[in-house]
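Each structure below is given as structure tokens.
Okay, so chain A shows up in both of these, paired with chain B first and chain C after.
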Partner chain A sequence: MKHKVLFLFIGFFLILTGCNGYKDIDKRFFVVEMGLDHATQKDNKYAVTLKLAIASADTETMGSESYIVIKEGKTISEAVKKLKANVDKELDFGHTKVIIIGEEIAKEGLIDVMDWFDRRRDIQQISYIGIGKPNAQKIIDVKPKFERIPGNFLFLIFGNTGTESPSITLQYLFDLRRRLTENGLDPIIPVVEPSQESFAVDHASIFYNGKLALELSEEETVLYNALEREYPKVQLQIENEEEIFNISSKVLNAKYKIDTTNGSSPSIDFEIEIEGSIEETTEQIKEDNLPKYEKLARESVKERIEKLLTKFQEERVDPFGFGLRYRATNIGDEEEKWQKWLSLYPEVTFKVNVKVKLFGTGVIQ
Partner chain B sequence: MIRYFLYLMVMNMVVNVTAFVPRIIIDERFEGSVMAVIIGIPLTVLLLYFFTNAMLRFPGKGLPEILFQHTSKWFNRPSLILLSILFFFSGWILLLAFTDITRTFINPEMTRFTILTIFLLVVGFGVLLKTEKVLYALEILTLISLPFILVIFFKAYTSPYLNWDSIRVVFTHVNELPTLSSLGSVTFSLYGFYNISIYNRVFKGEIKKINIWWTMAIIILGYVNAFTSGFIPIGFNGTSGVEDFIYPWISTSDSLRMEYGFVERIIYITLLLFIGASLIMVITIWHVGLKLLLSLFAPSKETRLKTRILSRSIVTLLIIVTYITGTRIDARQLLELTKLYYIILIPISIFFTIIVSWIAWGKKHET
Partner chain C sequence: MLKNTRIENKISLKKLLKDTLKDNNDSKFQTLNLNNSKVELIYIKTLCDTTKIQELLIKSFFELENVDKFEAYVKSLEGFTVYKNDRDIVNKLYDGHVVIYTATNVLLIQVRNYENLGVLQATTESTIQGPQSALSEDLIINLNLIRHRYHKTSLMNESLNPVGTTNQIKIEILYDQSIVDNNLVKKVKEKISTIDKDVIQGVGEVQNEIKKGKALFPTYMVTERPDRIAYNLSKGKVIILLEGSPFALIVPAVFFDFMSSMEDLYQTFWISKFLIILRYIGLFISISLPALYVAITAFNPELFRVQLALSIAGSRIAVPYPAYLEVLFMLVIMEMLIESSIRLPKTIGPTATTVGGLILGQASTDAGLVSNIMIIIVAAVAISNFVIPLNEMGSAIRVLKYILLLVATSFGTIGVVVGLLGILLYLIHLDSFDEPFLRITGSEK
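Then we have the complex of A and B:
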């Protein structure tokens, strides 16, 4: 028995000392954000920007120290290889949680670009993707004053652990990959813009065939997120000629069905249930008037959703996955189904059915 | 005692979630793997029902004793050699798959040789344990890892990013006829019960019978397991995106996020748990192979020293063979070999189930 234990120990020591690949934490640079742009030099294709967090043993002194490096290369890996020669420590991509893609690259197409990110085992599949406007480098350069850990602003924004806002769209790397490869489900990526030494992440862009096709407005982004993720905290502003009022609402249910029974004119039936309370008005609202406001809200929301869906249809983009749902509910060869759907989608009419339930006017009437 | 039987079943299922079973199911997702799951599981459970109950008619006896007693020499010796080679091969596939997984996901700079050394050190000692002790080790590791594995599965099922439409797309191809390899991989995930060929020696008749309720429970478990291993990755990575992954489940577990867990990336927990689970499974399977082979040389207990030397030399030989083959074979060849092996197993398992049931039936009618 003793021999066995001794043998095991000797074995483990041999292995632990003998293998390379493990480096101490003070010999590593943690890449927290990564940006991808077009190269400025002619014979290169990509410019890779990395934000490196400087690790330190003491959290007090660590602060928000970070270091930004940029290199260009024909491929992403070439640029990263060149970067390795420019820093004194090992680059560690295990904490790369935000990947910003420059708008120019997004317009050209993402399918080739994403390969490097999917292939590397150390890049998290749950890292967040954003479109950098005007380019990625500008976004990486921004360093908000109140940021305590490098990159923390974007981590909190996307991670939904700090602020929660329906205008922030969330796109994970694995989800982007799925949406890029799947027929009938298009990627939607948040657009990150610098604003006043900080960022604004208030709208998103939709991709078609891997290329940036449609940039949504903030209001449309909120509406999309409310429907797609059944978001719990949505502000809806309802306007008519006389008054403006705001509803703080919760989307309880947003379901759709694709009805292709009557051949040539298929329809998509949306069922949406919203409940909420009034948050701000310009006119005084009496409690017994609530049904009237419910009606106003219902009509307004219905109109907006129909407009949004029609816009998607006109641009032929499909972030909700109608095409995928069509493929899921019909039997046949995948390629045939997909071609059929492509011809059906422009013909589709949307029937939106909204239910709004207001249960109060807040603290005051 | 029936819990030990369940550990054998469940751990075999769980380990195969990460190894090659999902890969084969996913490769053939439009060519009949749905049907393979639907018909494969009840058919395998049918084998389970007959084989296990036949074995349980011989309390305290392993397959070698039964074969030696009831069949002639020209049949039992070659078949025991064949069976032990098959058991060794199952463990070998699992070990190499997890060596590859460790290399791909934990440290690509480590050589296969180093990883194999770590694994084989543990497995080598484990295989030489007494039969009861192997089961105890299996119980400990099952109790430690299974709850966490179930948590990961639960996270996957409840994730808002699990797209059921993608899974439904695959299910529209339910009417395709299953291919042999998908059928083989589905049945293989349920083959844990064949380990009873040796472990029946220590059950000592404490399990009387696998009744119809247990059978039903195992069928349901099998369906849930096959669905989890094959179709959850499709739900996360899409119907076309999923095919590029070499180990779909490991990559899928990286798509899960625990906001408030102590580790945000679930992939590392998954790797830890599944490597532990697979090592104990390799020990369990190889132990069966070792005992089957040993039964040829030392049917009596008089020559204990001889048995010890013999079993050690068999394990050493196994380790050497694993080193030589393991450092040369690549992931692609391993997958092809695995597919072939799963297909070959189908007729062999049916054949031995019939033999053992027939012997048991004869015994019942003698008395």
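Then we have the complex of A and C:
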């Protein structure tokens, strides 16, 4: 009896290993980047580009090589299915941390496209999304010379573990879905462009109704990141007729309040606090004159923020989630509130209050 | 009349002794004659201290010149016991007693000579700052060591019936009467009296005989440290000592006892807390690392960072076998190394392990049998296994990791989780003399 049980167990063990998801790590192809473009053939819709990391036993060259495959299909699933026949190992999307969407597709709308990514169990919801300009394939094709592991450049850029730049916007897969489906919060996705054998991720695009609506400039992106993520390390260049100086901020706080008590003229009040020091000047700046420069900076920042917010308002986009905040802080029927907000938003006036505190003129006097 | 039967008895006894001992080369029959007095000594040379016999018995017999005086003198000596029955005499004879025949009486006196008396160095549970000596292989010395560490009048020492139907090994229990649970003492005595085995040599055997049935985890603690014994006595535990064994058995014991070293008491608070945490990390690593390796690489490689996933995949490229065979192969080799280093002579032990560990590890990765990462894992498992302070528990953990490896291979990460849960449940179900094995707080007593 005991032996029977043992044999049964060993039998199960041998059978189950074959079909229970057991797949050795060296029999998997890790997809590190995935790109999505329009198909070039007429009857297909999507072209899927995958960057596969090639593992190597040699520690010197380990993992620096990659292999790029492209297939087209009516759906993403079909293209991926076709791709599986082109490679010798199982495709593993567990490490697909960067998803690049071609600009053309972004202009047509993301809601249908993202469905595949959201449903797949193996694609991690913390993947980063980027818009590929001019298209996704061009981005996937770029291979920076110093890249130790395929895709590592973009991983580090988006992961904020390497460079810390205020112009890089972050968009996770899970957050993108939320922003696409939620009323009153619009997606903002960084734009990735090839530049000198590597990438530039210096600005972002805002979506409206799932479609690319507004491409921000680099300066606007920095400002948005500072306000939305309260990204503290921001360089602000202040110019007036006589001089140019740079403020490097250490602390940045941004708060806003939606004031709809005054029915016909609602307002959004921004409170911004910046603390920092002067980093670079064209004129000599004395410590005693700091209040003057604080005032200059205050006025300049205030003007820029107001301009940005008005721009959003004119394009009817809402990456800050004013609409969501309005819906969350008012009671009533959801649909009614939403319609009310749509009518309120164009009427809103922005009241921006900036406080700038300068600590010094750097380590030199 | 009474005297007559006694003399007859005596003669028959003498005959019995002569019959049983005549083939024994080391038995000694010695007759002392002086004037009209005659005394016979029977003893086993190899068990007795002959110089002591010479000093105590033979010399004084000739000095006293009188059998009655001699009898009185012998009766006053330390180690004198009264004659009970024939069977008892034979047993006593083999316990280092000298049987003395005078014309009218039979006297027994213990003049034991026990080689191997030295107090041993603590080797299996060594500490850095604690006492360095372990128990010896002699009961009396062990009692001496323990009593010197536990000066309390309530420390009781009971001698039980010898265990081992053939080799008749003395067994004793020790407890602090003022704090021990009397039911526990009763139970221990009962259990020991049920031991039915021909030959018993070590406390491990006693443990197995008391427990009856197949066990993986030790539920009684085997220790060689007198300080641990004294500490446990003060916690109301019962100590079982066995003749000829430099280890004692402590009952009952819970899981967390096995994870504590005496060192913890001798270090400062934070150091000992740090060491304890380290030990539990070691425990977790040595149980689960091989299983986690298989489960994560073969089922859920997305759990790694991509850099690590690629380097593991790279190092596995040359390996032709699936990960679980690779792990199994390396673990078996490691077990061989550990086992052989126990058996090897002390002088070549380190060399053999170095040769085995370094060369085998290097060569097997070069040959493409196992991956580099695998070597790291096996080394980590082997090292962390020895962090567990008590050898028995370490061995149990050594076995356990294979069970976890099996479920990991069949069911992946879920298998590891369920396997760990299973181990936890099994530990909960165990008990040691009615003390729940996984009890976290100490007994109220």
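FYI, the second predicted complex is superposed on the first by the 337 of 365 C-alpha atoms of A that agree within 3 Å, B and C clash if a C-alpha of one lies under 4 Å from a C-alpha of the other, contacts with A are read in each partner's own complex, and residues count from 1 in each chain.
Here, a contact is a pair of C-beta atoms (placed from the backbone, for glycine too) under 8 Å apart; a residue touches a chain by one contact, two chains touch by 3 or more.
Being a predicted model, the structure only gives us computed values, none of them experimental.
Participant: Is A:Phe30 touching anything from chain B or chain C once the two structures are fitted on A? First, second, both or neither.
Facilitator: second
Participant: Which of the two partners, first being chain B and second being chain C, lies in contact with A:Ser248: first, second, both, or neither?
Facilitator: After superposing on A, A:Ser248 lies clear of both chain B and chain C.
Participant: Mind working out whether A:Leu324 is in touch with chain B, chain C, both or neither, as first, second, both or neither?
Facilitator: After superposition on chain A, A:Leu324 lies in contact with chain B alone.
Participant: What is the contact status of A:Phe155 with respect to chain B (first) and chain C (second): first, second, both, or neither?
Facilitator: A:Phe155 sits against chain C, while chain B stays out of touch.
Participant: Taking the superposition on A as described, I'd like to know which of chain B and chain C A:Gln124 touches: first, second, both or neither.
Facilitator: Touch partners of A:Gln124: chain B and chain C.
Participant: Contacts for A:Asp92 in the overlay, against chain B (first) and chain C (second): which applies, first, second, both or neither?
Facilitator: second
Participant: List the residues of chain A that touch chain B in one complex and chain C in the other.
Facilitator: 20-22, 124
Participant: Could you pull out which chain C residues touch chain A in their complex?
Facilitator: Residue positions touching the partner: 297-302, 306-307, 309-319, 322-324, 406, 409-412.
Participant: Could you pull out which chain B residues touch chain A in their complex?
Facilitator: These residues of chain B touch chain A: 30, 104-105, 107-111, 114, 117-118, 121, 125, 160-161, 163, 165-166, 168-169, 171-172, 175, 236-241, 244, 251, 254-257, 259, 264-265, 267.
Participant: Okay, in this complex, where on chain A does chain C touch?
Facilitator: 12-13, 16-17, 20-26, 28, 30, 32, 53, 55-59, 62-63, 92, 94-95, 97, 122, 124, 149, 151-152, 155
Participant: Flag every residue of chain A that touches chain B in the complex, lowest number first.
Facilitator: Chain A residues touching chain B: 4, 8, 11, 15, 18-22, 118, 121, 124-126, 159-161, 172, 174-175, 177-183, 185, 229, 321, 324-325, 327-332, 334.
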